[in-house]
Amino acid sequence: MEDEIKNPGLTDEETKLFETLMPEDLNEISAFGVQRRHFLKLLALTGGGMFLFQMMDRHQIFAHPPNEAALNGMKAVSIENGVNVAFKINGARRSLEVDSRMTLLDALRERLELTGSKKGCDHGQCGACTVLVDGRRVLSCLTLAATCEGKSVTTIEGLAKRGELHPVQAAFIKHDGFQCGYCTPGQICSAVALMAEATNGEVSYVTADVRTKGGSVQLSDDEIRERMSGNICRCGAYPNIIAAIREVHSGKEVAQTWQFTGENNEQTFSTGE
Amino acid sequence: MTVIGKPVDRVDGRLKVTGVATYAAEFNQPNMAYAFPVRSTIAKGTVTAFDTAAAEKSAGVIAVLTHKNASRIKALNPGEQMKAGIIFLGEDLVPLQDNKVHYFGQFIALVVAETYEQARHATVLLKITYASEKHAIDLKSELQKGFKPTKLFGEEAQINPGKTADLIAASPHKIEHTYTTSTENHHPMEPHAAIAVWEGTDKLTLYDATQGVGVTRAIAAYFLNLKPENVRVISPYVGGGFGCKGAWFHIVLAAMAGQVTKRPIKLVITRQMMQTNVGRRGATIQKIALGTDHNGKLTAIRHHNETYTNLAQFFEPSGLQTAVLYEAPLREITYQVARLNIGTPTFMRAPGEAPGTFALESAMDEMAFEMKIDPLEFRVLNHAAADPIKKHPFSCDNLLECYSTGAEKFGWSNRRMQPRQTRNGKYLVGYGMATATYPAGRSSASARVQMTVKGEIKVMTAAADIGTGTYTVLAQTAADVLGVSVDRITVKIGDSSLPPAPIAGGSQTTASVHPAVLAACEMLREDLMKLAVADAKSKLNGRKAEEIAFANAKFFVKGDASMSDSYEGIMRRNGKVMMEACTTVTPASGVGLGTPVAPCMPVPTAPEENSDAKKYSFHSFGAQFAEVWVDEDFGTIRVRRMTSVQDVGRIMNEKTARSQIIGGVIFGLGAALMEATEYDHRWANPVTRSLADYHVPVNLDVPEIDVHFIGKPDPHISPIGARGIGEIGITGVSAAIANAVFNATGKRIRSLPLTMDKLL
Amino acid sequence: MRPFKFSPTNDINSAAQMLMANTNAKFLAGGTNILDLMKEDVERPDELVDITRLKFTQIKPISEGTNKGGISIGGLSKNSDTANDPEIRQNFPLLTQAILAGASAQIRNMATNGGNLNQRTRCSYFYDTAMPCNKREPGTGCGAREGINRMHAVFGWSEDCVAVNPSDMCVALVALDAVVKVQGADGKERSIPFADYHRLPGDTPQKDNNLAQGELITAIEIPKNNFSGKSYYLKVRDRASYAFALVSVAAALEMDGNQIKGARIAMGGVAHKPWRAMEAEKFLTGKSANEANFKQAAENEMQNAKPLEHNKFKVELGRRAIVRALTQAMNGGTNQ
């Protein structure tokens, strides 16, 4: 973990980021845990900053006792069959001791404050926990943390680079590819991997002829649908998810299609002008 | 210039796509322990013994709670509960208070441990002995022992019982059929989760996944015997609800575990528990009889509804739409309800209308076919000009336009009256349609708005955004009323310490909360304007209000933009760092599902004159069209496209509104094609235990969905005329699909879901 | 999940020995099924031997022996790598289609070939520890026999168990006469013909297959065949994707003119093991490929089916699925 301790305080850039991303008053931070957590996560979005942050003396900034249990892991006494595991998360090296039973998903959510990956079913039936391990999409709920030694894990928090959204993230916002947002991190991680798979020429169950020789493939909507079928969205954002992925995958703008039946929805709402 | 109505991107979008939006289970606390509930493995009887020794000795275990050692909390008392603001409780079963078991999977114990793994593991070490009793599980046979409810949402439940028999018998054309729908489960992607944090013994903070922080706070405060002001419920993001979040006892269980262990407690239920413990839509058996005259005009409608409940008053009100749709001289709507030992039924997206429109709209299709009338024409012919029961006019009814627009956009004229006329390779192709309807609710709501001298605006109300777009729509509202851009607005919702708002249920959030935010923002703007007008240094000094316009965070004189004064300038000169307004807006009508616990502190605005339920009936309407391809060899159905035309008043945000409708349509598609919770009658356990066997639609099941809005503001519901939109999208969908399947195959399937074996 | 010792290893011999030393130990490969079952308290190992770092991940042509000209796929190769291997796509497209019909992209990225063979039934009574199940707890009875058995077997079931094997991949493998290569604790290799790998339930439904304690699947060999132009994997399920089969059919034909020189047909979702439709195959051999013959073949196979209370539809569905799969195979095995 030594490589994470570089700077004990907020850099100017991080302070600025704080102001930009957190237009809330600093004085709310100690009273309302969410802000502090958001800040930690937002820092994580800029690329490993969170780990730096975890090592800092948070007293100075948050007038708040550090959450050692949550941030640095449980006391060893409560871990059974402890396994030491070191792996990269979103580019940052991390090592921790886990209960052999702990899934990667629970390690992310309960130990590493990376709660972007969601627990929807815990049994590989929904896809909300999808992360990328060594570049491939997998289910973190069915991956033991102990098996991740030496691997590189990318979660939703690691897709944006220095505050700039991954094109899939931006397309999901543009096309409203989510409602409640709970399946969204998994959908987006899955979609990012899907595009790499298409570039690799991988086939699916709905591919017309699997014997076709490799090379990058342009996916039809049904191809995207089949390849995204491991990510359930109960709000029913599927058509919008397809639009978002199609746009990034094809590089061509996809129309947005809400419509009115006539000259309706005219605004009678005066602004005083 | 206005942003209301525009397809503004969700203001919480960035937080959601980066994984930063924080859901209930993600507010980890220092020194937090984990609780895991234990479920009964019988459906009825008593727990005669708990052997907790092995569990208690298991590593990391801090406590094992059962009815024997759990603290006694307040007992059920419907009158007191209502006074305490519990407008709704998921089920009448206070946990861990006695040894009785009422359904398979009931929470009967709770293990608390240092880690999730340890808590979960220790639950399997509990040895539980039961005395089983014979459970009630078979709906058909239990109905005879059931009851006839007298009230449904405060109104007469049984309408004209027995009165239509003669009219229907005498009608020249008549049909009578039985339609059934299955038990369905909500399955929002986020399981119910609570983190309970005690401060001393009388102050409690709950991070909960809830559709209404107000009702959740009321439940926690009442049953734990706390002052409501000492309970705070925080729920900024909710991973879907669909009716199952806000009124269940996991919050109380978490708090009870916290009392015993003196630790913050996280309790997240499993997907399997979501099949048993947090509500469902009860199965229905619906008998519909229709009579018509020679011209196809309905003479009478009879709709008899049979369903079940368990530990609640609630039952699936599948006759609701039959009280609203279609002109007929007489209609009869009746209910018979059984009590089964199944986890308690509750509100689930369009309770009543979702399964009810399947029956009514299938029957309408059958009648039209019988009479050789186009089913759309048949509906137009029988369109109700006014509320058929209350006899009031509808507040705003454009259903006929929904039909005509839908027919045009969908290409309804290409439909063949006779089934089995259209083929595409191995597929039989069919078209179907159905009417959609859902009541428009509105409750009172409060909002506070603050503006800093820097121009940052905060809108605060204890509403919820369960994916519905509340954050965004309220930001748009404030931006418009204050004349600033959306990015200046921060919306704070999902916290019971904020001014009260109704639950996100009954499609009422927009209709209720928008007027409150609108009013608060107007108050704030007027206060600012008064400062300017009274300020000798202002270019607006001495001007009359009607001379002044506003935009871009400035006031200016109409027709002379150079005569302006910025909000910032006004506030600085008057020494204001922040200004605030707060108000409660109560509709005069009492339309809607209940009122908030306590009004916001300042003066309530006058009731709105024109939102009067005595004069109008408030409903939204729509038309659903489906094209299905049926693989005749296998009976598998693929919905190829759908058109949904909705008359839901003004659209607040084109983008999120469309998402609400497609989401509803997909929910309906799931109910139509695959969703069913099945019970083994020997144990009354759901054999569909998880998302592996309770199928919900996946991406490949869902086609393009073409959504159109009428968009005409409802002049009577609220100043802006927007009705709710969260539920109507599901209604009519399963009938449109089933009708299309009939058109494709000639097979009329009267039971949902339309699994392939029924068509083989 | 019960506490367990986590024992990673890089060496097959020590892996096997760990399982011999501790009969409550299990191998952990992709984990997609065993972790699911451990969370449900159905599987209760007290040690997991992590074999994911063993090197049985190659997919390579077989250059000698009885299966020369065929292909060998590693027991620890991922399902997705196997499905997308160029050689397999080209010459064994039936396997590609079958693998891709199963689960989701994420699960196929995790699941190994050996794990796919060893995955357990998804019978709800097996998963629910509150229910009787002879497979989970011998002697407790079969909950599904008289219960909700819509998803269950129509062939080869016993009074003790009516569960079905959930795999799609295995349906293709049994059709292609694959051979399972296993290595035991003694370091010796043995080969098990695919049709003999899985078992019918009989009175020992707790045993899904004929793997001995400590034995590990090192590879699966598929002999060379001439089916690549005329094969198809068909899966019928309750939703369009990400669901287990009601019935699936792997069909492969080798033609001599218009005459069927060889037919391979196997079914999924119908039995405790991937079901080789021998009656259908026997009928078709030497016949011409037409609908009438396909129907008769299907009839010959399905007439032996013994449906349960809730799955009678599987008999007719099975007939039609065989005919469709054969037709698609004759048409080149594409999704057109």
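In order of appearance the chains are A, B and C, and numbering begins at 1 in each one.
The definition used in the following text is that a residue touches a chain if its C-beta (ideal position, glycine included) is under 8 Å from a C-beta of that chain, and two chains touch if they have at least 3 such contacts.
What you are looking at is a predicted structure, and each value in this text was computed from that prediction instead of being measured.
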{"item": "Chain separated most widely from chain A, comparing mean CA positions", "value": "C"}
{"item": "Pair of chains joined by more contacts [C-beta pairs], A-B or B-C", "value": "A-B"}
{"item": "Where chain A and chain C are represented by their mean Cα positions, the distance between them in whole Å", "value": "34"}
{"item": "Approximate Å spacing (C-alpha centroids) for the pair chain B, chain C", "value": "42"}
{"item": "Gap in Å, rounded to a whole number, between the CA centres of chain B and chain A", "value": "27"}
{"item": "Chain B residues counted as touching two or more neighbouring chains", "value": "59, 117, 121, 692, 697-700"}
{"item": "Residue list for chain A, restricted to those that touch at least two other chains", "value": "80, 99, 101, 122-123, 206, 225-226, 229-232"}
{"item": "Residues of chain C touching at least two other chains", "value": "1, 3, 39, 240-242"}
{"item": "Residues of chain C touching chain A in the complex", "value": "1, 3-6, 8, 28, 31-32, 35-36, 38-40, 48, 50, 52, 80, 83-84, 86, 89-90, 93, 96-97, 100-101, 103-107, 109-110, 228, 235, 240-242, 332-336"}
{"item": "Chain C-facing residues of chain A, complex", "value": "80-81, 83, 99-101, 103, 122-124, 127, 130, 136-139, 142-144, 146-147, 149, 190, 193-194, 197, 200-214, 225-227, 229-232"}
{"item": "Chain B-facing residues of chain C, complex", "value": "1-3, 39, 41, 122, 124-125, 127-131, 143, 146-148, 150-151, 236, 238-244, 246, 313, 316-317, 320-321, 323-324"}
{"item": "Contact footprint of chain A on chain B as seen in their complex", "value": "1-2, 4-5, 7, 9-10, 12-23, 25-32, 59-60, 114-118, 121, 187-191, 234, 236-242, 268, 270-271, 401, 405, 456, 466-469, 480, 483, 490, 548-551, 558, 645, 650-651, 654-660, 662-667, 690-692, 696-700, 702-713, 720"}
{"item": "Residue ranges of chain B touching chain C (in the complex, touch as defined)", "value": "41, 59, 104, 117, 120-121, 124, 633-634, 636, 638, 673-674, 678, 680, 682-683, 685, 687-689, 692-693, 695, 697-701, 755-757, 760"}
